[in-house]
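Labels run A, B, C, D, E, F, G and H following the written order; every chain starts at residue 1.
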């Protein structure tokens, strides 16, 4: 074949690209799995009974962040493969894992600080100990990852319902998620896929609203302070 | 439960109906399988080598009709289940097998007579030896069954291409299918599902047209009569 | 194709078109009546129990006016072709059955039977092969009835009637048990029956709320005793 | 190639491209305004009733700023081509109508009419063949209003306002009854109207919860008597 | 319930229903005519070129009978609402345009223009805001024409006419070049135009087969020289 | 033609059709049994705790009768083809597992294990390559169990049993915790597990209501004393 | 929480994920080999018949190297789970079968049997419950073989080999007859078999052309004599 | 959300919108040029080989005019973001590559290389992280080239050139062999490459037809001698 030399070059390039792609997809899948496990872990910890909720919650955050270090190790390992314009070439492969990571990270962050993790904080978590980023954080992934957070917060609010202070926390989460929805709505037309996730966020929000509503209605019949109600429930639950 | 008597009646009726439905679906599936086998058989017979094509083709028709008697046995057996308004109640279950049967029957008929089987001939085939119909033939099923015939005729025309006289037959089939298409087009808006089948018919027609065209083009180079050409091919094929 | 066949089939097919057209008109008529009844019956949710009778009375003449439509449909459908055309009126007829069943429950507290429903809507037994209420249409009507009663259980409490939910609960549980006896195929009816569970749950929760607070006379007296 | 007269055909085709581009820009503008309003109106769910007025006041200037967009669109659409282009702005316009309707309800407790909505958004009657609010777009706006109010009924209780759900319930029932009388075809509007039932049910359940516990003034006083 | 002004809204909605119904009827009429023409025109594939004229003559009166339908539609559509209703007749009208174009090509060998097509179908220019042939519908008709001609090239050879494919090839290449210069959006029209490539290829292959075997007079004489 | 060995290949292809037919029949049988059990178990919601035992006793023979179906299925499925056919009986088997699990909980208050469930339904370990309970089918059964218990918590209170909700609460929380530790993929099972949260919440609300009432009652009586 | 035995269940669920990952890798390996073979076999169309043997010889070692992949897959798939995982390698295996069949035909002129194919690819009979060639995969391979041979018939003539088409014609007709006797369901296999007709027709056309040319030549030479 | 973050993100997102808008404009420009070239190159199918040069000469200035577009795009794309935006111009660039490749083949008979194509279109190597021809876009261009050449093989014969098909056959087979060496993923490129088989087949058949007739001709001439 007379075009052998031309195509040989492409063969090398395409094989190289495919191999790299495979590695990155594998890495992304690993990141996804690790992140999902951390999310499970966080739910599990916050559902444990504890005396001091605030401290317990901080502890959950720390455990989560610690476990997520494994993700940073993965990103450190693939760093050489996603330098320069290579990052955007493989963005499709990296994106799913990255979003799941941001979801887990922001969940841990919320438990620890009660706030939404900022763009710079996520970029910092995607940097080595000297502050050099493994790769640039795309704002789209940041927003899409965060918008999955609301689903986890819904689960958190509803399944923590009966713990001590769970009712008050559900109210907090409700307001927090409502603010998130309002903020993200502004970005929806700019970020592909965000609109669809906002629909899920709306549903989560409604579920929390309904749970919070139920608390208010139920406690309205008794002229007892929330604290005392919590204690009564706690006693009968643990019996 | 105070409504037991009311619902007991329904329970009986629904069970009866479901059982009958199951039986009819089973029967319909058997009819479909038998009919499909007959269609295969017809293709197989006409693809066999034979001296006198016309006689051979009549023979195929007879063999097909004979084999299709088994379908009539099935219909005779279910006759009591589809009397009166029961027929239309179970029409959905009966229809698929019936259409396949009509497809097979009309294929055999075409091989034997070179014409389209008429509505009354199909209704007669769906009657016992005294001429009493097992059930009324819906015109929709008649038309839908026939419109599947064109697909089989396409297969017949194209795979019989190299047999003696196959080229002439392909031309005949081509004109026949074109007329069918033209006739069925008139009914398309009245019969649900026919329009979709007409699309398939169009495709079959184009395939036959192309095959016939190929014959004409190829033989145009030689000033030999079709008969002699056939002989030459026959010799080289059998060698 | 045989030329005679073409004409013959064409004629048959055009006849069908005509029948379809005429049935459509009758169904559209029936539909209007049904919509008016549904519009009136919506108001039960804001009508105190003691002022229900006049509301129900205003529905009855409309139910009776369905007799004409029934007769017209029975005369349009060719013999033995009931099942061929019934899809056309199923939806409307189900809602008519629902209306009749709701009126019956609110008047007498009892479940309308299939033959009672036929009578109310003026459907004669001898039309069975042309126009009648199929079992599944009757059952669809009952499911709509339960859907509505679950809302009524909620609204009755709002209107201060704490006994209605209990009555509804007993009635609906009986219907539910009846349905459970049936071997439904995987179709709409099955799916709608499956969804009845949620209505039942809702009603049970209302009864629960009321019993917990000992608001009903029965519970009150039970407690008192 | 004369016969096909490519230039002439191309001219016809290209005009459309340009108009489309310009309308797109205006719609994108309208969209931004609409999104800001929706973003503000979300806050009604966490705003106590007595501090609503300033929030509504902050929406009004944005509604007024839609006048410019309306005028621009009316001048872009060629005479007689309203129906050709309306799909392009339908979604945004529906949300604008919804915003106007929500502001109206929260200010005055009343339902905005079609002509009021046109006025609020600065849409002149004489533009009818180029830019106006189609009936169905108005109705879509109302359905969105009901969707939102059903959530508001829930959240009002959370904020300690036990009267709002009752008011919403009466208002929504009226809208629902109105819709029931409309002859809607089987399209999106119909489907969305069908889903209103769930909103209504949800509101009724809130009213139920509140009445059951005798939390409202009206029920309380009723009990007191 | 005053605010929603149900009667006024209903009136607006019902007008549409009626117009739709009437247009539907006319379109169904047009459809029947169109189907008859298509049924006749199918026969060109088995009709030798020299006996085509009578076949075409039998189509012309049907084309003329479309004038009534066109007039009826123009009178039904309210002023300015051409774009609102045109989807209803697009398909039928495209096929009518196709029929007219095929008759024209087979009679005179030339391409029908948009205004010729309007004339043949009796569509007056002054109806532009109510009933006319939209550019895209005309172009759809032409694409159907090409689809049919590609089949005709094949079948003409079968009928022993080796010149027809050459003529068709020249004609279709001209249409194809015309289309290439149009600025088509990414819609159905675009997709159908893209598929024309296959028709063109098929015709070229027929011309190839014929030339390879030196069957046409032109090639024959070329060879002879 | 020897090489292709048509008969051998045909035999292989036809066997599948026959097996499918036979499995279908057995599954339809299993389905009937399962439906009867579900029909009986519905009654737990209106049966006072002390009269439950006879009701459960009436389910046990039906559970035992599933042994036959299990054996039949195990003999129908060719060795090693469990995974090829299992979709056919998954739904029915899950409901059978649910029935066994509910009977177990109501009898002994404990959770049925996968191997106990297999035993109850007469599924032998040595059939693992032909017929067994897949992990996911077992888990689906447990989720149905929780769905039912959440309703039971509500109805127990209505029947005057204030202890049942507490017991159910403890039991369901354990199951929930178990599920939380499983690494479920994003499929039906995951979605159904997510929905368990609402069941759990409902049960907790009942416990909460009951505890508070008890408290208030005791305070009241304390006061009275 | 003992009862649910979370660890045990989790283990079962995680095993699947791991197995899938590993099978994927082996299939990707198999894919590479298969692609290389296809790449070599493409050259048969420009290779004169007498220089084919070395080309085929270069394929054989790659076929042999599939033994490793087969063994690896057989060891990865858990006992009895053939049907659970087979979709993963179906496509690659079909192409491997095609390669083996083409080599066999070009070497010996005969049709490879299913068991020969298994042997060539190193698939042992005792792995039947884990890794084997399903009938349908074998048949897919044969269809690909016919597709390729129809092209070969054309190219052989171009390379001056006038006998190959005849041999191919006989061989392919036999395969076609074999397929005709199979009772195929309406699936991909059936559709691909239907398309064989065109391959068969193409081959016949080549044989026809060649025979006629030979005839003309022989007549001519006869004349010359 | 952090207020600063909101503004910051918004700013970034709006920047992207602007870049996208500007790239779109350039691509639309490129598109126009490309369409003109394609329009001219269509004519190769009816242009005898000896009058091709002037036709090709008329394409070259348009190719050169692409330099401006290339430079504009290179300056618009931010550093390192080549892969982020390339989808926007891929289609147009592929067609430009195709045009350059076709001109090259018809002028010199040789295959344009990737770097030659870049040079022809004025794309500088130092823009690699912002604007360049990706390997896949180059390959797409080649596939379009083959598509066109298969048509040309057919039409060349019609124009009386019996040598062109052979030259094309050799050229295309070489490209095909080149592609076979590549490990393509299952994407559009793969699918388009798979479809090349049909082009190759078509060309082979033309070569076959021509050789078969040469055979007779040469025998004839041999006979004559």
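Throughout what follows, contacts are C-beta pairs under 8 Å (C-beta built on N, C-alpha and C of every residue); 3 or more make two chains touch, one makes a residue touch a chain.
All of these numbers come straight from a predicted model, not from anything done at the bench.
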{"item": "Selected from B-C, B-E or A-F, interface repeating A-H by over half of its contact pairs", "value": "B-C"}
{"item": "Where chain C and chain D are represented by their mean Cα positions, the distance between them in whole Å", "value": "34"}
{"item": "Intercentroid distance (Cα basis), chain C paired with chain A, Å", "value": "49"}
{"item": "Gap in Å, rounded to a whole number, between the CA centres of chain F and chain C", "value": "33"}
{"item": "Rounded Å distance between chain D and chain E, as computed from the means of their C-alpha atoms", "value": "43"}
{"item": "Junction residues of chain G, two or more chains touched", "value": "177, 181, 183, 209-210, 216"}
{"item": "Sequence positions of chain A contacting 2 or more other chains", "value": "186"}
{"item": "Pairs of chains found to touch, sorted by chain label", "value": "A-D, A-F, A-H, B-C, B-E, B-G, C-D, C-F, D-E, E-H, F-G, G-H"}
{"item": "Chain G-facing residues of chain F, complex", "value": "1, 3-6, 9-10, 12-14, 79-84, 110-114, 128-129, 135, 139, 142, 174-175, 177-178, 181-184"}
{"item": "Touch list for chain B against partner chain C, complex", "value": "1-4, 6-8, 10-11, 13-15, 18, 84-85, 87-91, 115-116, 118-120, 139, 142-143, 179-180, 183-184, 186-187, 190-191"}
{"item": "Chain E contact footprint on chain B (complex, rising order)", "value": "171, 174-175, 178, 181-182, 185-186, 189, 206, 209-210, 212-213, 216-217, 220-221"}
{"item": "Residue numbers on chain F that touch chain A, as the complex places them", "value": "166, 169, 176-177, 180-181, 183, 194, 197-198, 200-201, 204-205, 207-212, 214-216"}
{"item": "Residues of chain G defined as touching chain H within the complex", "value": "32, 35, 38-39, 42-43, 45-46, 151, 154-155, 157-158, 206, 209-210, 213, 216-217, 220, 224"}
